Amino acid sequence: MFKILRDLLRYNIEFTIGFVLTLAIFLFALAHFWAPLPAEAIYLLPPDMPPSAQYWLGTTSRGQDVLWQMSAAIWNTMLFGLTVTILSRLLAVAVGMLSGYLGGKWDQILMTINDTMIALPNIPILLLVYFVMRDSMSWPVLAATAALLGWNYDARLIRSVTLSLRNREFTRHAVFAGMSVPQILMRQHLPYVMPVIFFTAMNNLIWAIGLEVTLSVLGFSDINRPTIGGMIYWANQHQAIIAGIWWWIAFPIIAIVLLFLGLFLLAISVNEYIDPRSRLSRMGA
Amino acid sequence: MLIKKLAAAALAIAASVMPAAAQDFIAGIPRNEALIIQGPAAQNAEWFNLWAPGGGASNNGLQQLTADTFWFVNPEGTGDAAWTNALAADRPQYNDDFTEMTVPLKQGIYWSDGVEFTAEDVVYTVETQIANPGMNWSAPFTINVDSVEATDPYTVVFNLKEPNSRFHTLFTVRWNAAWIMPKHVFETVDDPLTYANNPPVSLSAYEMHSYDSAGNWVIWKLREDWERTSIGMDLESEPDVKYVVYRNAGNPDARVIEQMNHNLDVINDIAPEGMFTIARDAGENSAYWFPGYPFAHPDPTLPSVLFNHQNSKFQDKDVRWALALMIDIRAVAMGSYRGAANLAALSVPPTGTAVVDYYEPMQEWLTSFEIDTGARTIAPYDPTVAQQIAALVKPQWGDDIPDDPAQLAAMFGHGWWKQDIEAANELLEKAGLTKNGNQWLLPDGTPFTIRLMVEGDAIPTLARAGTILAQQWSMQGIQTTVDVAGPTNGQRLGAGDFEAAVYWTVETWGGHPDLSFFLESYHSDFIVEPGAVQPPRNLQRWQDERLDAIIEENRTVSFDSPEVVQLGMDYLKLAVEEMPFIPLMAYNKFAPFDTTYWTGYPSAENPYSASGPFWSNTRYMVVNLEANPNAPGAQAAQ
Amino acid sequence: MSALLELDRVNKDYRIGGFLDSSILHAVKNVSFTLSAEKPEIFTIVGESGSGKTTTARMILGNETPTSGTLRFMGQDIAGIRSRADRLKFMAKAQPIFQNPFEAFNPLTTLDYYLYSTARRFLGIKDRGGVEAATDKALNHVGLSLAEVRGRYSHELSGGQLQRIAVARALIPGPRLIVADEPVSMVDASLRMSIVNLFRELRDTLGVSIIYITHDLSTAYYISDRVIIMHRGDVVEAGDAQSVLGNPQHEYSRALSGAVLPPDPEEARQIIERRMAGAV
Amino acid sequence: MDGFPKYLLRRLLQFFLVIFLGVSGTFFITKLSPVDPVEQSLSLMTNFGATDPRAVELMRQALAELYGLQGSIFEQYLAFWGRVLRGDFGPSLSSFPTPVMSLIMSALPWTVGLLTLALIITWTLGNLLGALAGYYRTNTLLKLSGAVVMALHPVPAYIVGLVLLLVFGFIFPVLPISGGAQMNLQPGLSLDYIRSLIQHGTLPALTLVLVGIGSWFISMRSLVSNIVTDDHVVYAELGGVSSGKIFSQYVARNALLPQLTGLALSLGSVFGGAVITEFLYNYPGVGRLLIQGIYRGDYSLVLGVTTMSIVAVAVAVFIIDLIYPLIDPRVRLG
Amino acid sequence: MNADVLKVEGLKAYYQMNYFGVRREVRAVDDVSLTIRRNEIYGIAGESSSGKSSLIKTIAGAITPPLRVVDGSVKFDFDGRTLDVYAEPQAMKGARWQNLSYIMQGSMNVLNPVRKVKHAFHDFAFKHMGLSERDFWAKVEQHLQRIGLDPRVLESYPHQLSGGMRQRLTIALATVCEPDFIIADEPTTALDVLVQQDVLALIKDVQRRMGASIIFVTHDMTVHAAIADRIGIVYAGRLVEEGPTLDVFRRPQHPYTAHLIGSLPRIGDSRKRSALPGKPPNLADPPSGCRFHPRCPLAIDKCKTDNPALLPRQTGRVACWRAGEVEAA
């Protein structure tokens, strides 16, 4: 693990930039645990202060420091996004690989479920689930719901990769070497599926965060919890953009874009590193 | 390269589209003859039947400009000036035991299709609705009306099933009321519930011109025979406003932009910050309820902290009072309205006639009011709150803030309860609660926590107030979280599915001191089991024999009797003592007007009409506006 | 004489889908042959692509079920094997060798993983030492040792070596039958003979029967005991390798035999010249 | 029955199964919703108005009867399918008695028009730029546009829309920011009306384009960089075929095929509307209708929109599965 | 007129790679010089990863990083016009297909799978022929017929054709402009035995008629025996022997060549044949001296240290310290 990191840092400028960006924003988000004021507290500072030496990124119309709000918001939003992404990747990998490998009836059943999920309109379903769950709709539950809606298209991609791997001779060979289905999937096929997972994870993360923002903007989120969507929600409630309090929205968005840039660079460079073709080249094939 | 070609194509398209700005804003209608009002987004734009439960289409000018009924109360007015006889020629006439009401009608009023309006229309309206359950006023007619007859074409007599001194309020418009149906139209219809009534026949000064089937706008035009309407016959000259456009102008940001672009003359509601932006950037072209800060127009509704009295946490009035004393109302005012709030210590909105009828006379009583904290007796009322808030906002608003206490009281309210943490703690201890570190424990030893429900987006200022209240209580050791109920808010309130909420349960006529408007529904007869749906108003399920007594007595006195005010005060004192809910402030609405094309909007100075475009009273504003002679294109039109 | 493998009028049909048209492809038609359990042999199936030879091999390995007819391996109907336990039992006795040794091993998996997995699963050995011993023994049969293979990836070895490892792996469970589908077509010419020679040794020293599937008549002639020639699903000729290949009777067999280019420039050139005169 | 008919039958069966499962699932979720349309209507009717508690109770009963919300959930479910099969989603509860279908039908042209156009622009532009960026890896202009697209990709749609609204509606007020067309203009094929449609559609469409372009761009770029190493591309390069032709006919054309499935899916989802964009620009489409339906607890309407959307996506997938062999000559159905 | 079409001198082409700090240099083509004459088929034989494919890619000027030319030159002579592939890459562009065409391995993949075959002809050949559309298609159809293909194949997609037809088609495509020089990379490898002979006959026939030169790469020695006029044997990136086909087969001078030929099985002869011991060298880390020495039965100490030069010997050239002592096994 450490060696991989060292290799990537030393030989891949994209990774280095991505790593530095992501790390910086991660540390920044982590810092909210040491924030001078609780993130939920309001009107403890003078509102609407533009960026200055005292308030680097200004204050909100609710009398909060944008810097610390942002720190907590990025943390919470990423926590949500990553939970969605990881859960939905697990689902996508499980369904995609099993469906592709087992084929036949299993494939048909899983893909029918998959196609049904693809046809479900995300936003209405999420809103409906939100209505049903109401108070018990904490962010982990919302993340789980979003994850349930966000795996299906990628499961198809993974399935198609597995499908082509299934017909490779090494898979048949593995069967005759007595390997069990989990062994084949985990050891033989997963390395080929990994790049797909990484690639789709980025899009899924963006989707999840977009979802969070959408729900927040429509007013269906826990407004007590600082998130990127929550910041936009409150800025919106105070007509911040029209009122000229641009720093309330601009900085979180810039941070998110930088974070994604960082993650994207990480993803493509790590992808290159774990791509079987590149791995083989390194191994000298 | 391909990219360049694409760019060129895009530019060409853009060029053909750009002359947008040069075009008329509304096709074929001169801008300086049209008043543009913020309207709703209608789903069923084709639906113009006001009497069937057809959804929200009535805010598009239909009831504001074409419907009419007997009487109007101006929610902003005071005294007799607030009352208007519309279709009725006089005030309601009851018999002695309030079982019969006679209404004389004005003559010479015509529907827009030329048919004369008569008592037959009224009889038809009542009888048809009784015959068709589900129509909007069917239920109250069914309960109250034994029979209705037109003794002559201009007199209607209602025979009531039981005595009711407030029966006329069914036909008295504050926001709306039972509108009169065109008999000659509906009697040809099979089912009045599924009839779209498109185009609608108008009984008031405007009639439909055109509408958007996508629901974004409806345009009404002045009737040629505008003088043959109840509103028209009292006018001295033809209204300047020839067209009224109700348009859905989008979200609050878009509304502000549209007004600054002079595409939206009347805004119904925006956030305080949007208001300030307009005042800052378009001040010379706009008018407001107050000429400067705090700008806002107070609706006769009373945002309060509602406690669910069926929840054991809030059954002790000492707990309710403790929570009230933990509030720093200045922070609430600043956080929700940026200070621009009209505070209310009494359980009646501090607007219209309530100020002279209740707030001013009761100041003394409030100041001397005392409560027993268990340890001592305190006088919690602070009449100087308005000055304190004025001091807080003065740095930002400077000369907008007067020094005169009377003026300040009109802007910020008459006073509120002093924040008194010590007294609050004493009250909680008196109620059997104990404090463990910085956490209050209920008598049963569990932590005292509160879930405070707010609606959210639809009423943003109250959501903002909720977060501050939550913070204040949490800091005092009562962990409070804010729940955004969104569209389920009304229903959860109705079913008693909440602990505490920021919402209003008190609405008044505004222009009349009678409190039956909301108080009638506070009678304990209507309180239901937890979980069952409660009729509107008494959402906190407050039950008190003294309250029932006041309500029962109010039923027996006439609407205009001076006793009404006395009973009102009894109620208000009881409410202060019991603190069944914590009244916070009037529901202030930031509703700026663009004066580029129109002037003469209502204001605190001249409150001749409600200013909210959804209020049916708006019609009085529409016909009174004057074209701005300096408007673009005004000279050309002359 | 008991049969190791018995094919009895085996047929396999595929539906080949056109979008608007479709037809049935008779991939294998009525193929019958028997391999004796007592006398190990190299049984060669010769044919071009589409002849049904690979389908036959897949049916023998249980990877396809016949449309009709039966395949019996040591008396058991192969298509009737359902449970994983039965399947493992069958696989222990019948093992495949694949065409492309580079494809047969996952390039990202070390080669020993295949060997150890086979030893663990089929021999039931749990301890590492036992597994390594069994593996090394099998590798010794093919002229390699565990030391040469341990921890290595497929790209580090030549095709010939990989194919030997594949054979060694197949030998671990002690199979009675090895089905080798075109095992040398992707192996370099210089190494090809080493694999082919290995098959001879396995037959002679370990008593393993081998079904050798190929399109290459020269190697078929070189090592086979018996041969069948398949053409479009049919067995067109069958019998002793020397006579079938040395003196083909069926028209197709003759054409096939005539198409083999001899490793001699003068003879080969004559064939091409004839072909140019005739065909083009 | 063989080949295509059998495939068609199997595919059709799956198609119906998907619709059945999806719509049933939505039905039950909607039924679990605590929002009670009767209460919603009641609160609309009693809001601001005088309210006699006895009258409210009477109204409640009348409305429940009118809305047909009586009977067990299973009976309602059966009745729902009965109606759906007739293409009828019943009356809208928030706009009673207007049929849900007619609400959807009046919103649909707006949404379909806007979204289809935006989607086609997005798809074309995203794929074109992505393909160019994947093929001409060193071009500075393309790298730059790639960077812009990548930076826009994670920005939430709401923000992109808001910024556009601010820039083109406020700072440079050149485009309308609300609604679908100019007020009081007769809908029709007149030049004025079409121009008005374009003007009003520009900002929402631009929002959708800017937000949506990223994912097409990224996937196309990676597809293309795989294809450029394919034998037939290398061969064409060896054959001296011009690079423009190689790009368009050998690289982009092959890479586009998988993107077509994505396009079909997106086209199907057009029927669900673009909630945020329509919400922001007050565009009278299905997305706005849906949000209104949810806000007003109108589950007839919500069910109607979701059902339409599910059917549309299923149909789109079905159609692309059927026509894919015509687009991609390689595909043969087994 | 110069009798040599192609002159390769001292050509070195290496794969230079750097993967996350793993730096590798694969000497795929290491100091190769050869000359190809007008109107001859020159076969290049060698095992997989011996560098033969890299050699012809380099000759064709079709290399992409990480494969780079490190040294040497490749010069074509088309009708007196000299083209230096690496000195003037622009000139090569004009010559492609007109003078220099390719038949590639894996006919399945060299044609664009989503376009009809006719487009390939148009894309590749139209601009070189200087004909009207109508004449062009007439010419193409005529050419197809000569090659034994029904002109209707033009309307087909690649996947609709059998392997043999596709390979014929690529031959037709490569020869339709009647180029001076054709590079054929394993054109028969994936074909069935019966088809293989047809294709070989076709290539030979077309070559003879057009008088073109062909450089023909395959690992299959019997194919070389059948059509090559001269062959060059490549081992580990180097040319180790070259000569007229008959001579090389009858009297191989290099032990590697001798082994290749000697190990070929033959119907009617089932005598035991031995295989070469050892494994092919790793080009990233080739053996010192003569690269064949670890596997060579005749190796002496000198072979381990000194690399033998490719020297003229009787009718051809050979690079072996013990060239005189080799006999066909």
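For reference, chains read A, B, C, D and E in written order, and residue numbers begin at 1 within each chain.
In the analysis below, a residue touches a chain if its C-beta (ideal position, glycine included) is under 8 Å from a C-beta of that chain, and two chains touch if they have at least 3 such contacts.
No experiment lies behind these values; they were computed from the predicted model shown.
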item	value
Each chain counted as touching chain C and chain D at once	A, E
Most widely separated chain from chain E, with each centre as the mean of CA atoms	B
Leading chain pair when contacts are tallied as C-beta pairs	B-D
Averaged-CA centre spacing for the pair chain D and chain A, given as whole angstrom	23
Inter-chain centre distance, chain B versus chain E - centres from mean C-alpha coordinates, in Å	90
Chain centre separation in whole Å, for chain E relative to chain C (CA means)	31
Gap in Å, rounded to a whole number, between the CA centres of chain D and chain B	37
Touching two or more other chains - residue numbers and ranges from chain B	253, 257, 486-488
Residues of chain A touching at least two other chains	131, 134, 218, 241-242, 284
Sites on chain D at which at least two other chains make contact	34-35, 162, 166, 170, 279, 294
Partner chain A, residues of chain D touching it in the complex	14, 17-19, 21-22, 25-26, 29-30, 32-35, 150-151, 153-159, 162, 166, 170, 214-215, 218, 222, 265, 268-269, 272, 275-276, 279, 290-291, 294, 302, 305-306, 309-310, 313-314, 317
Interface residues, chain E side, partner chain A - complex	17-22, 24, 282, 284
Residue ranges of chain D in contact with chain B within the complex	34-36, 39-63, 65-66, 92, 94-98, 103, 106-107, 110, 125, 128, 132, 141, 162, 165-166, 169-170, 173-180, 182-185, 187, 192, 195-196, 198-199, 202, 279-282, 284, 288-289, 292, 294-297, 301
For the chain D and chain E complex, residues of the former touching the latter	230-232, 234-241, 245, 249-250, 253-254, 257, 328-330
Chain E contact footprint on chain C (complex, rising order)	48-49, 157-161, 188-194, 196-197, 215, 217-219, 221-223, 242, 245-246, 255-257, 259-266, 268-269, 271-272, 275-276, 279-280
